[in-house]
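Input: structures, listed below.
In the two complexes below, subunit A is the common chain; its partner is subunit B in one and subunit C in the other.
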Partner chain A sequence: MLPPGVSAEEFAAATAAFKEAVGEAHVYTSPEDVALYQDAYDVLWGLPGQRQVSAGVAPTSVEQVQKVVLAANRHRIPIYPISTGMDLGYGGSAPNLSGGVVLDLKLMNRIIEVDDKRHFAIVEPGVSYFDLYRHIQDRGLKVWIDGPDPGWGGPMGNSLDHGVGDTWGGYRDHFYSHCGMEVVLPNGELIRTGMGALPNAKTWAEYHYGVGPYVDGLFAQSGFGVVTKMGFHLFPAPEAYRSATVFAPKRLDLIPLVEQMNYLEHAGIIAQPQYGSPMRAVVNQAAVQAVLNNPAGWTDSEIDELAAEHQLASWSCQIQVFGSPETTLANLNYAKQRLQAAIPAATFKDGVFQRFPLTSEQKAQVPHKPSLGIPNLEAFRGRTPESPAPPDGHVWFSPVIPKNGESVLEAQRAFSDALRGVDLPTREGGNNPYTPFNAPSTWMFRAFVFLSGWPASKSNPQQNKQVYDIILKLIQVAADHGWGEYRTPPAFQDAVVKAYSFNNHALLRYQQLLKDATDPNGILSAGRYGLWPKHMRQLDGLWPAYLAKT
Partner chain B sequence: MKTVIAGAAVLSMLGVFAGKAHAADAALIRQGKAAFDYHCAACHGTTIVSGNRHLPGTEALIVKYQGKLPGALEERTNLSSELVKYFVRHGVSVMPFFRKTMVSDTELDAIAAYLSRNDHSGTDTHDSGRAQ
Partner chain C sequence: MTNRREFIQRGVALSAAAPLAIGPTLGLTAQARPRLRPTLAVYDRGYAEGLLFARSVEAHGIATHAIDGDVTALWYDTLYHSWNAGASPIVGLTGASALFCLEQLAWKVERRVVLRTEHRQRDDGRIDHQLSGAAAPPGLLAGLDKVAWPLWSAAAIRQLPATLRRADAFRAHAITSASAGSKPWEEPLITWAITVKPLA
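== the complex of A and B ==
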């Protein structure tokens, strides 16, 4: 496959230039090698919109990246940088623009520095969470990393996609906790941001801003440059951890529950609260489904009655505390006191107490390893006794909603109503995935994500189309309520960005102004998060013409 | 006599080559074990799956084979080198395919040598795996 609008001769010349830049062995053009750059979890697999790739180019140094970028400019080749390329469920390694060349930075995998006295790291794009964790463990360094559920991605790529994690406060927001970048601009020039602009800088990965305008945000979820180094603040390894779970019996108890958890978390008393509903265990029972599928919708009292019948609480929330043995106990007791006062019928179950460092066996038995900074792949569930024929992959629908109980209840109803009567994929028995028992995800420090996962298949394009249409519908429902997605696969990025339309898409038009000025040939990450190069914006000056059909 | 000497020389040379080949295999298998631990063990490790320890690949194969074959790839005796390479480059179920910058051809050769070191199934091993 050729990049769109590029002749075979031009592409051959570009490929030769890429080989000159990075060496022949690191330019991948054979069909079998190029196929490996597809998104293994592409929701459009087998459909016309499935993302295809023309070549992979894998530099091993910043100088090689610069040469590739310059060659792409000379030959007008669209290139799409990836770090580890393992962002499965949100796009993987495939570009927005089908036929693009993937600039694969996986081979740039040096850990430049880890400081466990000032608590930061500086890494290259190809470093995975597993790599950084091993580096820290092998040297006995007293810092933790905050990673997402799958550890095969890396700090740089995940933060540049606004990825999130599970430990303490702001560390969970991986872009927020980054500090300092090195970037190859679309014209091949190299910049360092923040304090890194100071020659011989001593605080590049510690103080974000340097002086003047802060530009780091331009390089995330975008195509303004190729990030080649990045700093991160790290969590000082705590001495101890303690957890407990609070159970709130009534549906509307969620409102005081979230209010109290917000206070405790935002005041720095507890780590990530993890909400759940014990009623999830019975959601597929016929009697429960009968209530949920009532065309008129459910009432709060009906849900309370169901919970009472099953002798289950409507809500649970795991309280987690880091610190010393003494402070964790004091903070946990304080949290319980506040919760009990706010929800008199609440009950508590103590969880675990851990002193660090953990032994290998203790690490293996941690229920949710990312919460304790341990990278793993346990979030993946292939074939299980409960799911003997799992889907090939998944995509995520990830709207951001306010961090209060009222919004959770509203979102449950809005998304559930939107899908009532819709023909749904057979995963989870074809039942509506949005119920009165869906709990919010708490990766972000100041907002909830109200996530749902949807199957993607390499053998069932009909189901893929079904999922595609459902997610487009959910994006619209979210927008109607003032909720937008924080992250989405390429298949949905235009639809999501279209919803961020304040003042006739003024933000997008400003981004386009910057894009056109800094990348006049539109070579970098064309179409990433709705930012298309000028020569492709035929529709309202904003979108490619082909999007009129979607 | 000349023939005997020549024959002895050939045998000796064969022995040397066989020894070298064996050593080369052993070295490749050692490299394969290291590469397996680095790239594959987080999903396909051998440690017993219990309590809160989950190895998604091993668990999936335990469910698939229902005791007829081990769930842990390192315990299999019917994996051919070709089969291992096929799955790494094509993926299966939730396991994605892996780019050559993730798992290089050299590493994959070593992983395949390691996982097929006990292959006693002959050459026709594809069916057992492709059923996945």
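== the complex of A and C ==
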């Protein structure tokens, strides 16, 4: 396969230039090697939009990255940087523009520095969460990583896609907790952002902004540069952890529950709340399904009756606290006090008390390892409703909703109603993933994500088309309610960006101005989050022509 | 690491008469090319078929490692080090999800899955087997009716050449065998081998 608009001769000349830049062994053009860059979870597998890769190029140094970028410009080759390429569920390693060349940064995997007194790390793109965790553990450093689940990706790639995690406060927002970058621009020039622009800077990974306009955001979810180093603030290793679970009996108790958990979290008293519904355990039962499948929808009192019949609470929320043994006990008791006052019928169940560091045996017993900064791959063990064939994968639909109970209840109805009468893929627990028992995801510090997962398939293109159409519908429903996605696979990036249409897509048009100025040949990450090169924007000056059909 | 008591109890329950040295049974003859020498065989202890496979490879001097569906500890404690130190080919019979993880991790360190045999349970209780990867020796495909299929898989693994060339690649073959008599599987099982990527 060739990149679009590139002749075989030009591509041969380009690959020769890439080989000169990085060495022949690190330019991958064989079908077997190139196939590995395909998105393992592509929802368009087997469909016309399935993204293909023409080659991979793996530099080992910043200088090699610069040479590759310059060669790409000379030959007009679209390149697509990846760090570890493990962002499955949101696009993986394949470029938005089918036929592009993957710039694989996996061999740039140095951990430049970890400081456990000032609590930061500086890493290269190929460093994985496992690598950083091992580095910290082997040296007994008193800091934690905050990784996603599963943990096989890397801090740089994850944060540059606005990825999120599970420990404390702002550390869970991985881009928010980054500090400083080094970037190769589309013209091959090397810049450092924030305090890094000061030669011999001592605070590059401590103070974000340097002076003047803060440009770091341009390099996330975009094609403005190839990030070659990045700093991260790290969570100081706590002494102890305590948990408990609060149970709220009624459906509308969610409103005061979230209000209190917000106060406690935003005031720095508790860590990540983990909301759930005990009623999910009975969702398969006929009586429950009868209520959920009522074409007229469900009422709050019907849901309360179901909960009472099953003697289950409508909501649960895990309260997690880090600190010393004394402060964790005090903060947990304070949290219980406030929750009891707000929801008199609430009940509590104490969880665990851990002192750190944990032994290997204790780590193995931790039920949700990312909450304690332990990377793992347990998410791949066994089937789930959204991933019935784990190697085929899934895609996520991830709208951001306000951090209150009212919005959760509204989102449940809005998405559930939108899918009534729609032909849905079969899944355990009922085909409609939206029920009155869906809880918000709380990776973000200051907002909720109302997540749903949908199966991808390597053997059923009809199901893939079905899922593709469903998610396009959900994107529109979300936009109609003022909810935008924070992250999405390439198959949906144009549709999601289209929803951000304030003032005739003014934000996108501004981003395009910057893109055209800094990458006039449009070689870098063409199409990533709707940012297409100028020569491809035939539709309204914003989009490629083929998008007229979507 | 394997539990020998587990082997004896569950492996015998599957196939009491299964011979350990089954090369001659399958009509396999010595190859001119040196064979792959795996440093580790991975099996999922949740499947009796995996135990039988492990018993067979262990009898041929290959160390085994049991997982329970999750490859985190295998990767973090063992493969990270062994793959950094050298070629360290590994083989296994696991669920498809475990191989998916290992394949993604292996790719990052220039290794490839060079043999992949997917085993799927049919509604009638028989097992479909689909092979792809490096060349299979003559007669191997016909040997499936002679032994329990996990032993046939273990024999296939042992026939892989040490140095693989892209020209060795063979197309998938679909064959069917009797079940090895285990419970329903949550996902397809796969017999696999991972080693350094084939030469041009």
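Here is the rule we use: the second predicted complex is superposed on the first by the 537 of 550 C-alpha atoms of A that agree within 3 Å, B and C clash if a C-alpha of one lies under 4 Å from a C-alpha of the other, contacts with A are read in each partner's own complex, and residues count from 1 in each chain.
To be clear about the criterion, a contact is a pair of C-beta atoms (placed from the backbone, for glycine too) under 8 Å apart; a residue touches a chain by one contact, two chains touch by 3 or more.
Nothing here was measured: the structure is a model prediction, and the numbers come from that model.
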{"item": "First, second, both or neither for A:390, with subunit B first and subunit C second", "value": "both"}
{"item": "Touched partner set for A:382, first subunit B, second subunit C, both or neither", "value": "both"}
{"item": "Partner chain in contact with A:292 - subunit B first, subunit C second, else both or neither", "value": "neither"}
{"item": "Contacts of A:366 with subunit B and subunit C, given as first, second, both or neither", "value": "first"}
{"item": "Contacts of A:145 with subunit B and subunit C, given as first, second, both or neither", "value": "neither"}
{"item": "First (subunit B), second (subunit C), both or neither touched by A:536", "value": "neither"}
{"item": "Subunit B versus subunit C as contact partner of A:65, first or second or both or neither", "value": "neither"}
{"item": "Partner chain(s) touched by A:97 [first = subunit B, second = subunit C, both, neither]", "value": "neither"}
{"item": "Of subunit B and subunit C, the chain that contacts the larger number of subunit A residues", "value": "B"}
{"item": "Set of subunit A residues, in rising order, touched by both subunit B and subunit C", "value": "32-33, 36, 40, 84, 86, 106, 130, 152, 364, 376-378, 380-383, 390-391"}
{"item": "Footprint of subunit B on subunit A - complex, ascending", "value": "26, 28, 32-33, 35-37, 40-41, 56, 58, 84-86, 88, 92-93, 104, 106-107, 126, 130, 151-152, 364-367, 376-378, 380-385, 388, 390-393"}
{"item": "Subunit A to subunit C touching residues, read off their complex", "value": "30, 32-33, 36, 40, 84, 86, 106, 130, 134, 152, 364, 375-378, 380-383, 389-391"}
{"item": "Interface residues, subunit B side, partner subunit A - complex", "value": "42-43, 47, 51-57, 59-61, 63-64, 89, 91, 93-102"}
{"item": "Contact footprint of subunit A on subunit C as seen in their complex", "value": "68-73, 75-76, 80, 96-101, 104-105, 107-108, 112, 166, 186-187, 197-198, 200"}
